[in-house]
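Structures are listed in the sections that come next.
Paired with chain B in one complex and with chain C in the other, chain A is shared by the two complexes that follow.
What follows is the complex of A and B.
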């Protein structure tokens, strides 16, 4: 039965592909922004330029690649940002300045992420709480937990062993001179999440669930289970993003603030449909890169802050309009 | 009626001028006054800046004399950053030094004007408070609430001010210009003429931060330094590091001036990760910055907005309730900088990263555990 659904989804997609330009417009927007960055700062084509950019974008890209699972399933995960904060604060508390503790602290944080995802999923699936509210509650809870744990101020440092993932550049790589570990992490996570979403049955069930939960259920999709998995993937990606952000810049107690909305924005720029049923992992990662590119470009141009905010808002709206335009042409599911 | 009218008009006029003064963040007279105060000698015991004060104007408090034990009420703007966490810990410890204090009632406004206004209302209507300490969330919004409280009991304001003279005293360090001057003069003295200075600020529009920046800019202009940018970091480490990396790709930075030090280490890491020598930098008294400074030995200064000022309201409250005079209507206390010479006194690896070293808390009960140290 599931195979049937998947089959029909495939034919549908194939039919659509015939009427559409194959490439998602987000990639053009991203390319245009990168050209603009290069024009305003020619050093950007040097490895230090683009590698720094990719390193900086990696946490948001990973977060967006996880968030897209929940969005495709027809929900939102607002708790992602606070889970980043909890990861950074919790790691610094557990590590207690002990560099040798990294090997067990990271699995512990992933276990926390797993628990958060399962709770989110269960509350949404079985208690029938809308995901917006359920994850908002989780966000407030996690922020409170991080605050209680740290008493509002960071209580320890993150040792270099932990910061390795977000900070270190591997030197002496042919062609590119150096390779940030964060970028490697992004490539691995991106590949795994791409494969899960676009090459497995789970991905097809996610799309079916977001498109029409009732129809999905009727055709045998275990919708509760699929939804829980989506939330778990999002939470695990938030823990990963937290490890990279803590590595990049050290401990602070508000590191994750606003990241959930940036991740959702990145998904929308990548053409995801907010009510579910459509979305792609590579496009969401491209959306995250686009968002980071906007920030970087405006840094480089050196406009005063208020002008920058206006321009940033306008570019965002244009990017989302482009994404919506494509969706409308596709017949707007 | 006529008297009431005059009072109302003069109050309105006063509020108007206060407002106007508040919006002028670049006042040469205040700049000069604070610059002078930084080198002036304060009254009071040496080595205990939390009870020191400038000038000799005192407020008479005989009318507030009351027998103990006392209940001190504190309406706090928030405990929402590391500076306030350190300060609040100082205050709780100070209370333990005064057996005549029966209870400290603390209400946290969580950074909201509305909540703080109703907090103050609740405290005065509760009838338990012998004295009210207020750390206002914002100046203009809290003024009426403080005036209302003044009519009922002695009020002590500290940190940010209010637009009324009704409190017994307003406790604060020298001020924002002073901070900007200390940091600005250090950069001006150590950088060559025409050197590139990047100014990193938290957010625009906050009076104590605007004055820090305007004072520094005035000095940079006097010395002919080249301000290559003025950026807002929102106190975010990752954003700070990204901004500095971007500037480094476009050109060189000789000095970094900061209006607050929480992200100083992130700014320095941008240089390290780009393989560049560390610049001249102005930070603040956070331990992570002091430790980095000691380890790397770059050219730096750490002006402070001392958290020991959180001890003073409790000391003042007890004095007021004993009917002893306190410095007033303003109690201006010293605002020292940490320099390369005094760094060793303040750096302490056992304290948490954002512990503010200028806390005057080393001899308080439960130090260092209550501050998160080991």
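What follows is the complex of A and C.
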């Protein structure tokens, strides 16, 4: 039968391709963009140039590394951006300009993140609400909560102890002169999330769940548990991103606005399958860096924020189209 | 004899890396059924896709009604009177029967669609098969059963005045009664002078319907008969070897051990007071019509749609499971009947598919390549042992043939060494050699002490592969037969006709 025949032809092609190391195209795109940035601004190759770039990209990269867990499991987490806002606003309210409170405020914010993730996961798993709707509801709720908590006018600033993570550069590091703490956080989070996704059973279960939930269930995958964990990881990464953003952006009720879509865009640029079953943590981080690089480039060119939004929207669509096209050519169904 | 309705001469077609057809010739005359048989991948569908204009041949000629044609588009073939009915229907589920039949060529009146004319014409076409009362033209297609949908598909072909109708494994989704309706339909079409190309690999259908038989193997004509030969001759041509050992040896008496699964008066909303035992070392076939409750029973044992009453024990301990995970933990495995929907994770590798259940039962934070049940290397060995043919086990499983996919799912369960393994339609849609492979794997597993429950709608398979046969009807177990019972006895029990006879 033809499907079989063509299938075996594809098998041969795939086997041939398999012998060459397959590199995700996002890394080439990122490299090309970095070259373009360097050409338009030669200072970029100096540590202050690229380190500040990485520092600025770190919150989005962390958010994308968490979002990819939900995407691979077959869902979306739209509440991530509003959780960033809640983290920043909530921290400033709890800290109340008291630097000594940092040690307990951060765990409290992670507890809030854990709760948000569990609620998202439970609503999607047990109440069967589509994740798009469930997390959209959560997004509106959290934004409202942040607004109510601060009565619409968040208080002043965050103490230095809290801003340490997002703002401080560790000096005197060999080769690179200095290392932003935010980048360090990204490397640690990235490594842990990479390991969880690509080396453990959890990662394989997430892929199976997003690929075919019914087959996963009938194969013994604890689908509810796996799905809840995915949402929790996404929420915890949002809290982490919020702590970094609070460090260098300051306090406002719109600090997290739009971050959830940027994170989803980053994952798609990294080749994630939007309906689940396929995705990679390093490629999502590279996707976040790519998106930040594009914004940086647009900044250099001097384009205003609305143009950036238009570009981001177009990138999202183009990335999905390209991913679909590639998959069809690679012989998927 | 007059010239054939269609003739294909020396057709050659290559795909990258594969020579799909090597100089294949084929013809069909008006008023005959020409069966086209062959294993999956033999080239049957490629040949028909060339006939229907979906593919263009690299060499050879397609002659329709005496003139050579070069179809560049399926529409051209349809206009030339060639209709192909594929396994996957091309009907729009949310439209009515009449709308589907006239899709794209609706009759109009004052520029508006003339619904009355459309419905009348649809009724007339359906009446040709005596189906006018079974199917109303204004029924929405999604509300029809599969057989009726197929009928609509055929009616569409007839209303197009097709002189040649190609049916690609039309019974794949039909039950016994529905098959009979289809066979009657084919007879009607033949009498009306339509040339029918009937693709199948079921011997029963060939014997019942065909006037001539052509067998393809590896893209070549392996045999061509101007009459219907003995089934053995066709199978030999298809497989290229004798099939003396098609089914595995039955269990010897001493191989049958203790009771593994015991079900007593168990039921739920689809099952009524079911009682039976399964013993270690035996393969028990479950026969019955579609909807008789066999799959419901399997899913109840597996905890997917649990029993609500009765007693179930597995190796002596209570075993009324409420989730598949719980059942798997206790040593029950299930190979679903719908591979794509219920068993495979298509975007993942062959190896990941094999490892899935072993990983699911291990700790979530544990390393993925070494579960307590099986390591990644052991899975590779297992996949090789069950003869999964793939370029590499790290390639996506969706590129594999149905038979190889099924064997990978068998490997998934072998890794768990279950006490009870339930196979639902284990060989649906896979080729003859792979079928034999599955039967032998089932037997090996039974020899190692597992109990095997096999739910199958393929009667020869139930008869050939089982040590014992239980028959279900309307959610109840109605008969038990030893090995060697006749197909007729099973059908009588399955349909409940014996009550009438008695």
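Here is the rule we use: the second predicted complex is superposed on the first by the 284 of 333 C-alpha atoms of A that agree within 3 Å, B and C clash if a C-alpha of one lies under 4 Å from a C-alpha of the other, contacts with A are read in each partner's own complex, and residues count from 1 in each chain.
Throughout what follows, a contact is a pair of C-beta atoms (placed from the backbone, for glycine too) under 8 Å apart; a residue touches a chain by one contact, two chains touch by 3 or more.
What you are looking at is a predicted structure, and each value in this text was computed from that prediction instead of being measured.
Looking at the superposition, the partner that touches the larger set of chain A residues, chain B or chain C, turns out to be C. Legend: residue contacts after superposition of the two complexes on their common chain; A:312 is shown touching neither chain B nor chain C. By the document's definition of touching, of the two partners only chain C reaches A:222; chain B does not. Of the two partner chains placed by the overlay, only chain C lies in contact with A:199; chain B stays clear of it. Once the two complexes are laid over each other on the shared chain, residue contacts for A:251 go to chain B alone; chain C is not touched.
By the document's definition of touching, neither partner reaches A:324: not chain B, not chain C. When the two complexes are overlaid on their common chain A, residue A:154 makes contact with chain B while staying clear of chain C.
On chain A, the surface touched by chain B in one complex and the surface touched by chain C in the other have no residue in common. Listing the residues of chain A that touch chain B in their complex gives 41, 43-44, 48-49, 52, 56, 151-157, 167, 169, 245, 248-255, 295-296, 299-300, 302, 305. Within the complex formed with chain A, the residues of chain C that make contact are 15-18, 20, 40-46, 49, 55, 219, 302, 304, 324-325, 328-329, 334, 336, 341-348, 352, 355-357, 359-368, 371, 390-392, 394-396, 398-401, 412. Only residues 79-82, 84-86, 204, 229, 231-232, 235-238, 240-243, 245-246, 249-250, 262-263, 265-266, 269, 273-274, 288, 352-355, 372 of chain B touch chain A when the two sit together in their complex. The touching residues of chain A, when paired with chain C in their complex, are 1-15, 18, 196, 199-205, 207-208, 211-212, 214-222, 225-226, 229, 273, 277-278, 331-333.
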